[in-house]
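Mind having a look at this structure? Questions to follow.
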Amino acid sequence: MTLWLMAGLLFTPLAWAVLTLLTDFRWGRWVTSFGILVQVLVSLGLWLTIARDGGFYYGLGGWDAPLGIELRVDGLAVTFVLLTAVVASACGWHAGVYIDPDKAWHRYFWPLFWFLWSGLNAVWLGGDLFNLYVGLELISLSAVGLVALGGKAAALRASLRYLLAALLGSLAYLLGVALLYGQFGSLSIAGVATLLADNPAPAGSGLALALMVTGLSLKTALFPLHQWLPPAHGIAKSPVSALLSALVVKASFYIAARLWLEFGATIGSFAAAQLVGLLGSAAVVWGSWLAFRQQQLKQVVAYSSVAQIGYLFLLFPLTYSVSEAVSLQAQQGITLQVISHGLAKAAMFLAAGNLILSVGSGRIEALAGVSRFLPFSLFSFGLAGVSLMSLPPTGGFTAKWLLLQASLGSGQWWWVAVLLAGGLLSAAYVFRIYRASFLERPETDRFYHPPRSLEVIPLILALLSLGLGLASEQVLSVMALPFEEAGAP
Amino acid sequence: MMLSVWLPVLALMTSLLAAVVIFALPEQGYRLRTAVNLGAALVKLGLVVVMVWGVFRGVDYGVSFTMAPGVAFVLKADALSMMFAGLSAVLWLLTTVYAVGYLEDSPNRSRFFGFFSLCVASTMGIALAGNLFTFFLFYEMLTLSTYPLVVHRGTEQALKAGRTYLIYTLTGGAVLLLAIAWLQGVAGDLPFREGGHFTENDPALHTSLIGIFVLLVAGLGVKAAVFPLHGWLPQAMVAPAPVSALLHAVAVVKAGAFGIVRVVYNIYGVEASSVLGVLEPLAWLAAFTILYGSVRALWQVDLKRLLAFSTVSQVSYIILGICLFGPVGAAGGLVHLLHQGIMKITLFFCAGNYAETLGIHRLDEMDGAGRRMPATSFAFTVGAFGMIGAPPLAGFITKWTMGTGALDAGMDWVIAVLVLSSLLNAAYFLPILHRLWFRDPPRQWPHERRWGRLETSAWLYWPTLVTAVVTILAGVLASLPFSPLSWAELIVLREYSP
Amino acid sequence: MTASLLYALAGAVLFGMGLYGLLRLPHLLRKLLAFNIMGSGVFLVMVGLPQHRGGADPIPQALVLTGIVVAIAATALAVVLMRRYYHLSGMTTLEEPSPEQRPGGRR
Amino acid sequence: MMAGWVRTLITTLLCLTLSGALAASIWAIAGNPTPVDLPRLLSENMDRSGVAHPVTAVLLNFRSYDTLLEIGVLVIAGIAGISMAKTASLEDPELRTSDTLLYALQRWFVPLMLVLAGYLLWAGAERPGGAFQAGAVVAATGVLMRLGGIPMDFLRPGLLLRLGLGLGFSVFLVVAVASAIGGEAFLAYPPGLTKALIVVIESVLTLSIAMVLLALFVSAPVNDAEDPEEGGPA
């Protein structure tokens, strides 16, 4: 059974990619609909399996680590697999309606979409340092391809910048992998962690971790390495922006977090952890401020991603040399933040796409009076905004609550200021958009009304991010399941 | 028993569902929307009445589940919850009727009534919250659902007021969140409990408890419009009259005051608070706010702004009342939660009636309005005298009980504050009454509309009269069971002898 | 000091050189070449470091092969993007022609 | 904005520091033995891998998932490349050269290069070589032919090209899943068939790799009609 679930996750997206490569956009839509169904079922199945039986390691090709590639299938991984299934389905469904099927080059949307999805699954489940590198590249290249698809000069500039940043990040990561392999002779994360436990902090490994984390931070757009993100996320088509902001940046963060949690205690240092936390805080403040200053709707959302990503990096200081309980709180908080930001940001980008489609301009002022005619998309945008502001009862709030607890519990009270200020700053840019939409203009319906299915999708995502706050205990309980060490299938 | 679990949830859900349904209704669905609105308000009133009866007999209504690691979502009905829930259920019904008439042909009614219902759902949640975490949840929901109401008109001025409102309340919310998180770190997840949690009085915790208390009051004080955190309230007056009525009489300011009551009574406990020495400064702050609000009201020329400053002053009576260490004074403060609600909503309804019917907004336009609109002016007079504290109206009951309580507690200076405040109230209300009844009406009103037989639309007319009558009844019948005063005494009894 | 270690150290130098080029050279093709130099540096470290001790190690060799293919794919994609970018905008750098994309900029 | 030379100086210092730190780390790491001896583990398992050459064994057996994804990356690059191709580009007469020398050279070189590619492919089992090298040579042949002005219709973005792009990848994928149906884990080749399967995979991969590289080369700059930006004038 597990075997089939793994096949479903890792290989069928690749199959959909090849199939959709052969078809045109309309047929690709049918293949994708079927593929989405399969993926959602498989992800749910694996999630349920893990929720019941606990996590396990899976050696691909029958070869266990360190010789073969090992997958780590645990609660956290399947939680993200499920998140990916939800968000990517929504984006795929939205794209199927949103994207113009008559442009010849749009047929390439689906294969890139499926390659992206399979790369994401590979990263969530990956337990091998080098395999993660390949997975990351799969994600980056397909993401760049999606941004550039059919774009003009500005889009190409954005995607080139994105590509170069992503490549630089990957190389830094790969260099770290090379150093670690030179040191330990193993590529398995779990294997290296075990070796580290026996032989703490050997010379030279600090740089390896630093390189890997820096490279991954660049790919995650941590301040001040964030400049590539807003142009790329802002200019891509909305379903693509949603995928990029909700999932793609999380993949590199996920690897960085895994590495930190496995290796940080032995090769990390307090100063490094604080530095990363500080950069994260700067990202929260600076990203929010820039988001507030933007004139284009999607740029606001893109800069908001920079700010929201900042929170994630509080994981580093809040898990370094703190008690087990505080560390767990921080990890749960960050996990929730990843999930709720994923859902909310996807909802926001999709809703923003609908709004732009409807008012015919990407500028914020153009929204005046739209609240009368497009309540659904605006409502979804608003709900998602509530989650970004981390107000209750959304998932963003529960995440912030846990992080507050962790900061106070670890005695690192200075992060409290960041968490609270970040909430207020995000309120500033979110309400700026509400404000624009509440302005009254002469009562003329000059808006294009997009199909209902386009409006329903962001609403579902926004409601999910809302519901996450109420059900976070259930979600987190799967994530924190005890890991079954000897559990090969 | 299942019912005891589901009643609070149902009470919450009626308005939440109403909100969802209204959002989904088309703008033109006038009748259906009104039916949903009134139906939900009536159902909710029924549920609350059942729960009031149950709480009186000592039934425990409650439901809880773990929301995030370490914190629970708790709904619980105790005597204090029911006081606030009852207030909001009654006034919601009246305000809904009023708002239907008031917004008869203005745009965006779906949006308005949707958020209106959300706002009431949040108020219900605040009333029924069983711990600070749940309280905070609805407290922030209230902020969000009132913003669209404040900016409803969509004018520059409304949007500016909305921004001020948000800056104040969201910052207040952040401070409150910090306080709650800190408290959780110090003492864990504390349910609201009669008598409070810190009776053992551990000296090691003193400093942090005082710090937390200050933050809690600062966070809640924003909504309760305690000086110097009151700046948003007069600005928010640009909202439509029913919104002002709801913001001032029921939802927002009361949520803040109610939160402070919860903190003092059900988290810290009166005794622990007074041992910590936090009640006395709070009492001084409240007293100052009472006088400050009244003084500012003297200089207002806009009727709604005057009422807003009057609210700033009146809400602090509640806070002053609970800071009086003793059951009688506390009852005085608590009963004002209801009395101020009824009186202030009457006054705002009247202000709305004048604005809708005659186009009157400023005080100097009110000359002789009593002859054109006798019923409204009668209601206004009742409300004004209530505020001043003239017997036998509701306001008198409050002031009398509080005064007695202050003497009991040995805080004689409070009497001086009460007297001075009453004089100030008289100083700004009596000139208006004089204008209403004894000046000659102008030849032409600023913007007059006619509605057949009644002096104004029936939707506006009856709610105003009903609240005026309730103001009288609450004073005259104060000693009957289930009157606001008896209910407040029941709460105090349970608090002081848990 | 063995030859393999020398490779690894040369890799370190190449990585630094490539990084400088990627950061400081404005022309896109130069950036891309710099990226490839960095990549070569990484591959040298990857192969050189383990082989310094135990002789030939096929695993890093295989990894580097995979890495090279990925680098070629990325380079090819970048070149295609650059060609199209050049065709559309006539530019060979990432500088922005007008303030349209800047924060707060007007269109 | 910082003056240009300040930024240059800072960048230079940064890169020098990084290289220095890297060299120091490498030096430090090189002094210690590795706790895991992967090459030994590898040679112990070589006879189960089905090929004689350890690098090929790692690529196509022990770490075949890496290789699968790597081909995926290549296909992505190909897709992104042809998504920008101008449909009519092959008919563009300007792009054709009619150099007689080149033409003559081609007649000698193309068959030779194809043979070389075949050899590289075959040799992959015992010595350095394999699908990628072979594919690169085939692609180079294609580039030569293209420069020589030979029209290669299959390179026009159409079904044939897309089939070619996806072929190697699909076969690899099918083997992966089929091996699982056979009862073992993914990419675990059934014993006995390992060698044959690897050769099949290598051959189709060679074809696909060549197609991808060639397509990327041929992808002429532009399709002239663009997508309007979101919210821009349609």
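Note that the chains take the letters A, B, C and D in the order they are written out, and that residue 1 is the start of every chain.
One rule holds in what follows: a residue touches a chain if its C-beta (ideal position, glycine included) is under 8 Å from a C-beta of that chain, and two chains touch if they have at least 3 such contacts.
The structure presented is a predicted model; accordingly, all values stated were derived computationally and were not measured.
Think of each touching pair as a link: the shortest run of links from subunit B to subunit D has 2 of them. With centres taken as mean CA coordinates, the chain nearest to the overall protein centre is A.
When chain pairs are compared by their number of contacting C-beta pairs, A-D comes first. In terms of their C-alpha centroids, the spacing between subunit A and subunit C amounts to 25 Å. Averaging C-alpha coordinates per chain places the centre of subunit C 17 Å away from that of subunit D. If you average the Cα atoms of subunit A and of subunit B, the two centres end up 43 Å apart. In whole angstrom, the spacing between the mean C-alpha positions of subunit A and subunit D is 28. In subunit D, the residues that touch at least two other chains are 22, 26, 29-30, 34, 37-38, 42, 63, 66, 70, 73, 76-77, 80, 84, 226.
Counting partner chains per residue, subunit A shows two or more touched chains at residues 130, 134, 137, 141, 144-145, 148, 152, 154, 175, 179, 182, 185, 363. Contacts with at least two other chains are made by residues 8, 15, 19, 45, 49-50, 59, 63, 66, 70, 73-74, 77, 81, 84, 88 of subunit C.
Going by the touch rule set out above, the chain pairs that meet are A-B, A-C, A-D, C-D. Remark: subunit C residues 8, 15, 19, 22, 28, 31-32, 35, 38-39, 41-42, 45-46, 49-50, 59-60, 63, 66-67, 70, 73-74, 77-78, 81-82, 84-85, 88-89, 91, 94, 96, 100-101, 103-107 touch subunit A in the complex.
Listing the residues of subunit D that touch subunit A in their complex gives 21-22, 24-26, 28-32, 34-38, 41-42, 45, 61-66, 68-70, 72-73, 75-77, 79-80, 82-84, 87, 159, 162-163, 165-166, 169-170, 173, 176-177, 180, 184-188, 223, 225-227, 229-232.
Within the complex formed with subunit B, the residues of subunit A that make contact are 329, 332, 336, 371-372, 375, 379, 386, 389, 391-393, 397-398, 400-402, 404-405, 408-409, 416, 420-421, 423-424, 427, 431, 434-435, 438-440, 443, 469-470, 472-473, 476.
Contact residues on subunit D toward subunit C in their complex (touch as defined above): 7-8, 11-12, 14-16, 18-19, 22-23, 26-27, 29-30, 33-34, 37-39, 42, 54-55, 57-59, 63, 66-67, 70-71, 73-74, 76-77, 80-81, 84, 132, 212-213, 216, 219, 221-222, 226. Residues 130, 133-134, 137, 141, 144-145, 148, 152-154, 156-157, 159-161, 163-164, 167-168, 171, 174-175, 177-179, 181-182, 185, 187, 231, 290, 293-295, 299, 303, 363 of subunit A are the ones touching subunit C in the complex.
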